[in-house]
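Before anything else, here is the set of structures, which you'll find just below.
In the two complexes that follow, subunit A is the common piece, with subunit B as its partner first and subunit C second.
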Partner chain A sequence: MAASVARVGRPLLGVAVFLAALAVWEAWARSKGSILVPPASSVVETAWEVWPTTDFLTGVGASLRRLAAGFAIGAGVGIGLGLVMGSSTRARRALEPLVEFCRAMPAIAIVPAAIVLLGLGDAMQITVIAFGLCFPVLVNTLAGVRAVSPEVRDTAAMLQVGALERIFRIYLPGALPSIVAGLRVAVSLGLVAVVISEFVGEGEGLGRYIRLQQTEFDVPAMYCGILFLGLLGYVLNRLFLVGERRVLSWHYGSVGEGVGR
Partner chain B sequence: MLRRVNLAGWSFVLLVTVLVEAGVRLFDLHDSVAAPSATFRALAEGLSSGALPGELGTTLEAYGEGLALAVACGVALGIAIGSSRTLLDATSVVIEFLRPIPAVALIPLAILFLGLDTPMRRVVVAFGAVWPILVNTSYGVRGVDRFLHDVARTSGVTPIGRLVRVTLPAALPSIATGIRVGASLGLLICVTAEFVTGTGGIGAYMHQQQNAFQIPELYAAVVLIGMLGYLINTGLRATESRVVFWVGEERLADR
Partner chain C sequence: MSRLAEAMEREQPAPRAAAPVLRVSDLSKRYSADGPPALSGVTFDVGEGELLAVVGPSGCGKTTLLRLLCGLIPPSAGAVLFDGEPVQRPPREFALVFQDYSRSLFPWLNVSRNVMFPLRGAGLARAERIARAEAVLAEVGLHGVARSYPWKLSGGMQQRVAIARALVSRPELLLLDEPFASIDALTRAELQDLLLRIHSGVEHRRVTIVHVTHDIDEAVYLADRVLVLGAAPGRVIGSIEVGIARPRTQTTTRSSPQFLAVRNQIHDVIAAKEATR
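And then the complex of A and B:
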């Protein structure tokens, strides 16, 4: 979706509109002189000063570390459960109501319970991140496994392929394009959960930084933090798309014929 | 469509409930985990005393208004952007710039602008929910068969008529998906804003119970939010399958 909107036929027009919007912001902010709307130029200036500082980068590093840990756990659980639920009807029916309920639960809802159980530190934050991003991965894995064609399933059954081999040699590769799509959604949801968990928890991080600037009323610095988050989300998404294209090159070459469809 | 009750599924839920209950009682974990029985008692009390419904109402007000705003803006802009190549090119960079910003990160900024109450929450919910709706709408509109458009034009259907009778129905499945994604994101943002500011709504209620170590009351609120999310999700899904009935079940299964 992002790619299709971003597929810019005449990229210059988009850039021109963007610059015009910045100019309008600049002019408006200067004429209004409100502390809440600093001119674009002063935000850029602040960013130039703040972004390279060790303090800021340590925070970014801490956020990224928690995101990575939460992603590894959440994606692992999501793919694992998705594969189990996809390959066994009995497992799917047994787990479905519980999963449907948990899936509809916004990540913030588990925050206070996680705080009571795990405190304010990394364990709570990583749990919240993992919970927040696990379900799109699960749902996509399940959908991908279920989309494996009946002929392939029947052939595997006829050849008496064992359950484990079926999961790893048929379902996992077949569902991979769908799983990767889920992982990409998970990255941006994970970033949301990172911010939430840092708002309520302790330790450094980007979300913490933004919240701190709000209480200290340093508005340009707050804009800097928000912009950096947006940038981070954008870059992570891009990196993922590039990786996706590389990992799934076999799939794009064989859509329609492949195992997955 | 008649569906059999999923016996295995509900037995599993029951099993988990019983295990948690037994675990909490056996290992005396009352300080950190609420037993399901205590949770449901707290839920029943909270609901009958009017405390929970009141908080829920506050939440739903900001959430509903924010989501309505997001749907209105997202669908209108999405249609405009989807039907004009120039507009698509013109807005692409701005959209790609704003969209990856996690809306929860804007809560502190919105607090400075709008204070701690419902207006702030409404705006943050709208900002968060608008992107999936906008992008899915423009995507759906661009996917409309050109041939249908040409037929309608040569048959003398006015531009408004084409919009209402060709573009909208064809883009509807995609719009519905966008609204569903936006709705669950909006709920997350709304409850987070309440939790962070602590000024009302089910999120603030949770925060109070957490600080007071009222564990069963806290878990009752969690269960209630889960049910709310579930109802919103299944409600939208049911509406969706009724309105865009021509789309197959398996497409609705994707999130």
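And then the complex of A and C:
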């Protein structure tokens, strides 16, 4: 009985802390009484008006499209390179220094170079997003392939599994739990890169919306954009977890419950 | 022929074929050029239909020997000949079963797909592959688990799946690396008897088996002949004919004077080797 109360209470606790944070914000803003520090209530009120507008939603759509394109390219490159580096020692030795070098560069640092090369439009923005999220995917793919057990490798060798078949039928499924964990991190990093690239680039988008409201001193609207990003990140992560549980049901069973929450 | 004579003939130890299936000659393995050899000058034959057990203390290179036999690693010197041809990469006719069943099955495939995997390039229709998998699963005593994932099964059942996967492609030589070492004692006895059944004929074909173990009693119970390896460097220090009639059973065979005699003989070989170190 006590246990079931605790189980019901668990999400409630999280909600309570969330509401408390809003209350602290509200109290602090009211005590300041400045237009630069709008209280939570007025931000929520504004959000209620702003979020459903076509203007705002078009921006959200543009941001999501960029995220999707950058994700597809970055994750594809990350998984592909990770599989190649994981399955061939020579490829790993050849590529590792370059990859480690590029990985050390923050995505934001390549923005000026990307602008010089690609301009201010979607090409630059998608490149920055893809760059920002491809490395965690690559590193996780590589780690996943290298964690494939020696017994599985030997079994594949005994069964005459060729190089290409080994990549797709042994390493890819074997590394999938690790790859998916990398992809989930990549979604959050991708969102960061979306905002960064929109701060400096052209076209509509959430990042652009936030910048615009800031320069126009519409502080509550600026917070609306920021809060929406938080919401978007949260929802994307949840969706990802649901998909992950379906695709990797075999994995969660084999390592026990409670992984990847 | 009288029934007695028939029975006697049936209970004869398996006659060794004139031409061995596997010839191992002067096989050595060093993992690094200046390091000590893991195996040195190992020579033996495996006859067709023979069940050869390889025993030895840990670190004597049992697993190295098995990987060399399979062509998974190249020897530093010497050769492994299968049907007269040198083994340079894993031959189609070989199948290998590992000690760690949970790490050797493909966790992303269910039992049926695990067992069907070796048939993927065999040019068989899907229905045929499924039928073959079901038949071999029944042969190893598994029913109704085809659609389960490996982790749902007990250790003994997982090892049965691994054995089924090894048998599905109808190998001529089955190699096992301490297959029952991580399995509880009762299940181990069942799996030993399963191995004896496999040896006596899967689908009426005798299978040649090389069984690596550190359990001397298991080796004597199962094998036609026991190859004893010594450590540092790994080499053959004895080859002992078991000669106990088949069929064998856990109770009768293990309590027979013959069993105890062979077992003591092997212990003596190992003790004599220890004394000379």
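Things to note:
Assume the second predicted complex is superposed on the first by the 240 of 261 C-alpha atoms of A that agree within 3 Å, B and C clash if a C-alpha of one lies under 4 Å from a C-alpha of the other, contacts with A are read in each partner's own complex, and residues count from 1 in each chain.
To be clear about the criterion, a residue touches a chain if its C-beta (ideal position, glycine included) is under 8 Å from a C-beta of that chain, and two chains touch if they have at least 3 such contacts.
Here the structure is a predicted model, which means the values were calculated and not measured.
In the superposition on chain A, the chain among subunit B and subunit C reaching more residues of subunit A is B.
Contacts of A:Glu151 after superposition on the shared chain: subunit C is touched, whereas subunit B is not.
Once chain A of one complex is fitted onto chain A of the other, the partner contacts of A:Phe18 are limited to subunit B, with no touch recorded for subunit C.
Contact with subunit C, but none with subunit B, is seen for A:Gly174 once the two complexes are overlaid on the shared chain.
Looking at the shared chain after the overlay, A:Gly230 reaches subunit B, while subunit C stays out of its contact range.
In the superposed model, A:Gln213 makes contact with subunit B only, not with subunit C. When the two structures are aligned on the shared chain, A:His251 is found in touch with subunit C, with no touch to subunit B.
In the superposition on chain A, A:Gln160 makes contact with subunit C only, not with subunit B. Overlap of the subunit B and subunit C interfaces on subunit A: none, as no residue is touched by both.
Every residue of subunit A that touches subunit C in the complex is listed here, in rising order: 149-152, 154-155, 157-160, 170, 173-174, 176, 250-251, 253-254. Note for the complex: subunit B touches subunit A at residues 6, 8-13, 16, 32-33, 85-86, 88-109, 111-113, 135-136, 138-139, 142, 184, 187-188, 191-192, 195-196, 203, 206-207, 209-210, 213, 215, 218-219, 221-222, 225-227, 229-230, 232-233, 250, 253-255.
By the touch criterion stated above, subunit C contacts subunit A in their complex at residues 67, 70, 72, 89-90, 92, 94-96, 98, 100, 103-104, 106-110, 117-118, 121, 149-152, 169. Touching subunit B in their complex are the following residues of subunit A: 1-2, 4-6, 8-11, 13-18, 21, 36, 90, 93-98, 100-113, 115-117, 136, 139-140, 143, 147, 185, 188, 191-192, 195-196, 199-200, 206-207, 210-211, 213-214, 217, 219, 222-223, 225-227, 229-234, 237.
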